[in-house]
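Listed next: structures, encoded as structure tokens.
Two complexes, one shared chain (chain A), two partners (chain B, chain C).
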Partner chain A sequence: MALPLPQGLMPTEVAFLCEMEMLFTPPSDTVTPDHDAAITCMRNRKLRPACQPNLQGDTPALKPPHRAQMPLWLALLLKKQRRANIVPPAWLHPASLAEIIHHETNIDPQAFSPPPPPPTRAEGRTGRARPFQENIRSTREAPKPGDDPRLAPPFLPSCTADAPAGYLPYHWLELAEALLAHAADDVPQQAEVRALLRDLQEVRAAKMRGSTQSLEGGGGVVVLRGVGAMELAESRGFVLGVVDGVRKLGASAEATRRDEEANGGGGGRYGGGRGEFEDSDEEMEF
Partner chain B sequence: MSYYDLDAILTDAEKVPCKFELDVPDLGYLDNNPSQALKAQTPVSLSLWLAELLALSSRTQSSNPEDSAPFLTLEMPKALSNEVVSALKADPRAVALRDQTHNMYGLATRMLDLFEEPELCAVLRRTFVTRAAETALHARKAGATDDVVRGEGFLSGLEEWERSLFRRAHDGNKACKEWMEGVKK
Partner chain C sequence: MDIDDILREVDPSSSGLPSSTRDLQSLTRVWVAERSTPELQSWPTDGLVERVNGRIASQIERVEALTGDMDPRSNFALIVIQTELERYKFLVRSYLRARLAKVDRHALHYLSTPELRARLSPTELAYATRHQALLHNHYLASFLGSFGPSLQNLNDTSGNITMIDTPDLESAVFIRLLRDARVIGKGVDADGDVEGKTGDIIILRWSDAKPLVDTETAELV
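== the complex of A and B ==
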């Protein structure tokens, strides 16, 4: 028997993946790489290194005046211990969110707001925002030739938490929710941000429902450019259900069309049942 | 489609109007007349699985497709009749498909396999897509607000495909909502 799990990632799994997003964190306490905090949390999260070998790595040393980049899960842990603050990403600012909502509702009411613009080539090559990756490669193994990490969207630094203001990164909803839940005092004007996020979520959910309308005519393709991971996890079942239903309804018409194409438009190959049916169809018109 | 798919089994049992092409002895009870043979061209309704078999198989042994004749001719069931199709053309959302038959689309795909009806196919596709968007809206709002009455009419008119679609859409929304409430912990 198949597992009773739905297709694709669950929202909780998406939120788990989102915890690897890199954030800037100005520490208020010195934390060295082998400090207890980092080690305990790595231990508590044994799952992470085991299931995703390229997600593990050394934590950067934290010295109070310098901001450091670290993954969300570590930043949240240090935040809970009051040893660090979190710099909210640029796109989470109310002005940026309002601009995105304006784009969604007025400028382009059909499509989703575009994802962050593509980065320069050098950025994609080296993975600037991935010091973990760099660390691993330099310390543990010499990089093989032709093995340099070439990242593709949505894993490019500019598609993640580094996204510029006015664009939503891939993990926007999860990241915003996590920051508002655990580091609300670091987010400026959090009440406004919350309200704008709710608006944005509703606008985009309505578009997701409407996106299946384009299947009506037959040749429509649902454009899901710029949709976030959590929204995908939420609507995957519905969108797949609609596409599957339309496919089943059009299956017989599609089979006929293919037959005609294969026969060059002639129906000469039909024998037996099919031919009889076309006859009886004509009889019924009398 | 699975062998144990209940919806497929129920679709097989849907009654389809048809007419026998020849007199059939001992089948008079289908026409409430058990003492006589069933006359040719009497309208009867048979289950889809039986009617389909009889309509597709030939009653003569000859291999020549020209002079082969089926046992009976099929007609469109009432759920796919002209009245229903024109109502669907006017406003897909206003028709309670469940009142027509529980497996509207399942039956329609079976009938479309047998008849070539591009127009019916287009109408059904438009109906399905339009109603799907409405279904998703209700799936998102279900349980969130108290205005059950507003959606009740539409939701009770959903047929089986749409019900499963509603369930999938609602499951996604529910999982997302559960995660969002659990973020704080």
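== the complex of A and C ==
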């Protein structure tokens, strides 16, 4: 009964998390009155309690002209039944992807492109009017500074059509993959998007591999700002193996260093006694 | 929509999250934490799992009632509810199984001190105790019985070497900062000290990450 999986999220589990991302879906105009009734019946009082107590808490009304906000799994379910279309997020547009690739390759060839700004600032940035009721709700649900509980992906509205373009959200690779696999007709210029995503993935994979150089140094803290969930998941085993391996190899050297620091009162390491300690360090390495 | 929802929408001070959404977020967070850390996390004390189980039970009743009247109009709603239910059940099951795997691996360790015992839920505590008793009896019957009495303990700590296997608290984890914070981590050659910003993903040792996670400054990813 115990879980046989190793420590750390598996890619499948990351994909599961990604399916909780919120998206916009306008019900398609081909929804027949019968289908429409089936969906909106969840809205009325009799059935709502059934939908309400669970997953994302609220099942939106699906009336054809209005778009509703819902998690990815529900959007894909509706899409497969041809009851709704999906509005792809703004960052999935070719222009936005090209801008991100430009940033990744030319502006900052070392680090990942920055993650989307926290939602409160994003709201001010885009400055767009919010014509729909659901949108108003989503701003209200956006975290404010000092507000608990603190939200994090996949619960931030970073994949809705209102999310700012030019920033990759945490679950970008899985989300793009899911949309292209199951809702390709909703993604504009999908051939171009696929090619750009591939470029982007390769650029970032190279950076991810390059980041292992900083792991080797044994500096203690490695910051990967802007990395994606799937990129972490696929190199998790390797990265954690390297960090743990370096730690085990350097365990005795680290213990000696800590002893020195404790004896020398913190900064003592860089004092007069440094030479002899360094000798002993070197001996240990051989 | 009931009166509470309406009040929440007009009240700008509330965060506007229905309790079910909040529970889902907490459950997801504790699940990810349990999956990514080397040691067992504390059992949520605010009744999270009980609430979630209550919701699942009421939802199953709902499904049973809906299957009763084979109304084609409610059919699709049923599919949605069932999919949602399965996802929710997966989360709970995976969470409990991940905990069980850790309890199995280091049962004696988690039973050794009151602080560690407090991390287990009552059911897990009963399970771990019984499991350990069975195991010890089995060992006694099969081979420990033929040793001298001083060699029969499974939790011998004499000679400065403890027999109790403990999880490796220094192994590396990934965390995401939920607010700007200074992150200090121990390293082999030097100790790291970084001014982290909200949303940063950081690799560091679990022993350094634990205080950040406990104060909700960071979460595991």
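FYI, the second predicted complex is superposed on the first by the 187 of 286 C-alpha atoms of A that agree within 3 Å, B and C clash if a C-alpha of one lies under 4 Å from a C-alpha of the other, contacts with A are read in each partner's own complex, and residues count from 1 in each chain.
Following the convention adopted for this analysis, a contact is a pair of C-beta atoms (placed from the backbone, for glycine too) under 8 Å apart; a residue touches a chain by one contact, two chains touch by 3 or more.
Treat the numbers as computed from the prediction; the structure is a model and nothing was measured.
Enquirer: Just chain B (first), just chain C (second), both, or neither: which does A:T212 touch?
Expert: first
Enquirer: Can A:G250 be said to touch chain B (first), chain C (second), both, or neither?
Expert: Both chain B and chain C are touched by A:G250.
Enquirer: May I ask you to decide whether A:Q81 touches chain B, chain C, both, or neither, giving the answer as first, second, both or neither?
Expert: second
Enquirer: For A:L9, using the defined touch cut-off, is the partner it touches chain B, chain C, both, or neither? Pick first, second, both or neither.
Expert: second
Enquirer: By residue count, which of the two partners contacts chain A more extensively, chain B or chain C?
Expert: Result: the larger residue contact count on chain A belongs to C.
Enquirer: Between chain B (first) and chain C (second), which does A:E234 come into contact with in this model arrangement: first, second, both, or neither?
Expert: In the superposition, A:E234 contacts chain B only.
Enquirer: Just to be sure I read the superposition right, which of the two partners does A:L224 touch: chain B = first, chain C = second, or both, or neither?
Expert: Touch partner of A:L224: chain C, not chain B.
Enquirer: Have a look at where A:L17 lands relative to chain B and chain C in the superposition and call it first, second, both or neither.
Expert: Second partner only.
Enquirer: Which chain A residues lie in the overlap of the chain B contact set and the chain C contact set?
Expert: Common to the two interfaces on chain A: residues 215, 218, 236, 240, 246, 249-251, 253.
Enquirer: Under the stated contact criterion, what part of chain A meets chain C in this complex?
Expert: 1-5, 7-9, 13, 16-17, 19-20, 34-35, 37-39, 41-42, 47, 49-59, 73-74, 77, 81, 83, 115, 118, 137, 140-141, 143-144, 147-152, 154-155, 215, 217-227, 229, 232, 236, 239-240, 243-244, 246-247, 249-251, 253-254, 257
Enquirer: Would you mind writing out the residues of chain C in touch with chain A in their complex?
Expert: So the residues of chain C in touch with chain A come to 9, 12, 15-22, 24-26, 28-29, 32, 35-38, 55-56, 58-59, 62, 66, 72-77, 79-81, 83-85, 87-88, 90, 94, 97-98, 100-101, 103-104, 168, 170-174, 176, 178-179, 183-194, 196-205, 208, 216, 219, 221.
Enquirer: Going by the contact rule at the top, pick out the chain B residues touching chain A in the complex.
Expert: 55-58, 65, 68-70, 73-75, 105, 108-109, 112-116, 118, 121-122, 124-126, 128-130, 132-133, 136-137, 139-140, 161, 164-165, 168-169, 171-173, 175-176, 178-180, 182-184
Enquirer: In the complex, go through chain A and note every residue touching chain B.
Expert: The touching residues are 6, 10-12, 15, 177-178, 181-182, 205, 209-210, 212-213, 215-216, 218, 230, 233-238, 240-242, 245-246, 248-253, 256, 271-273, 275-278, 280-281, 283-284.
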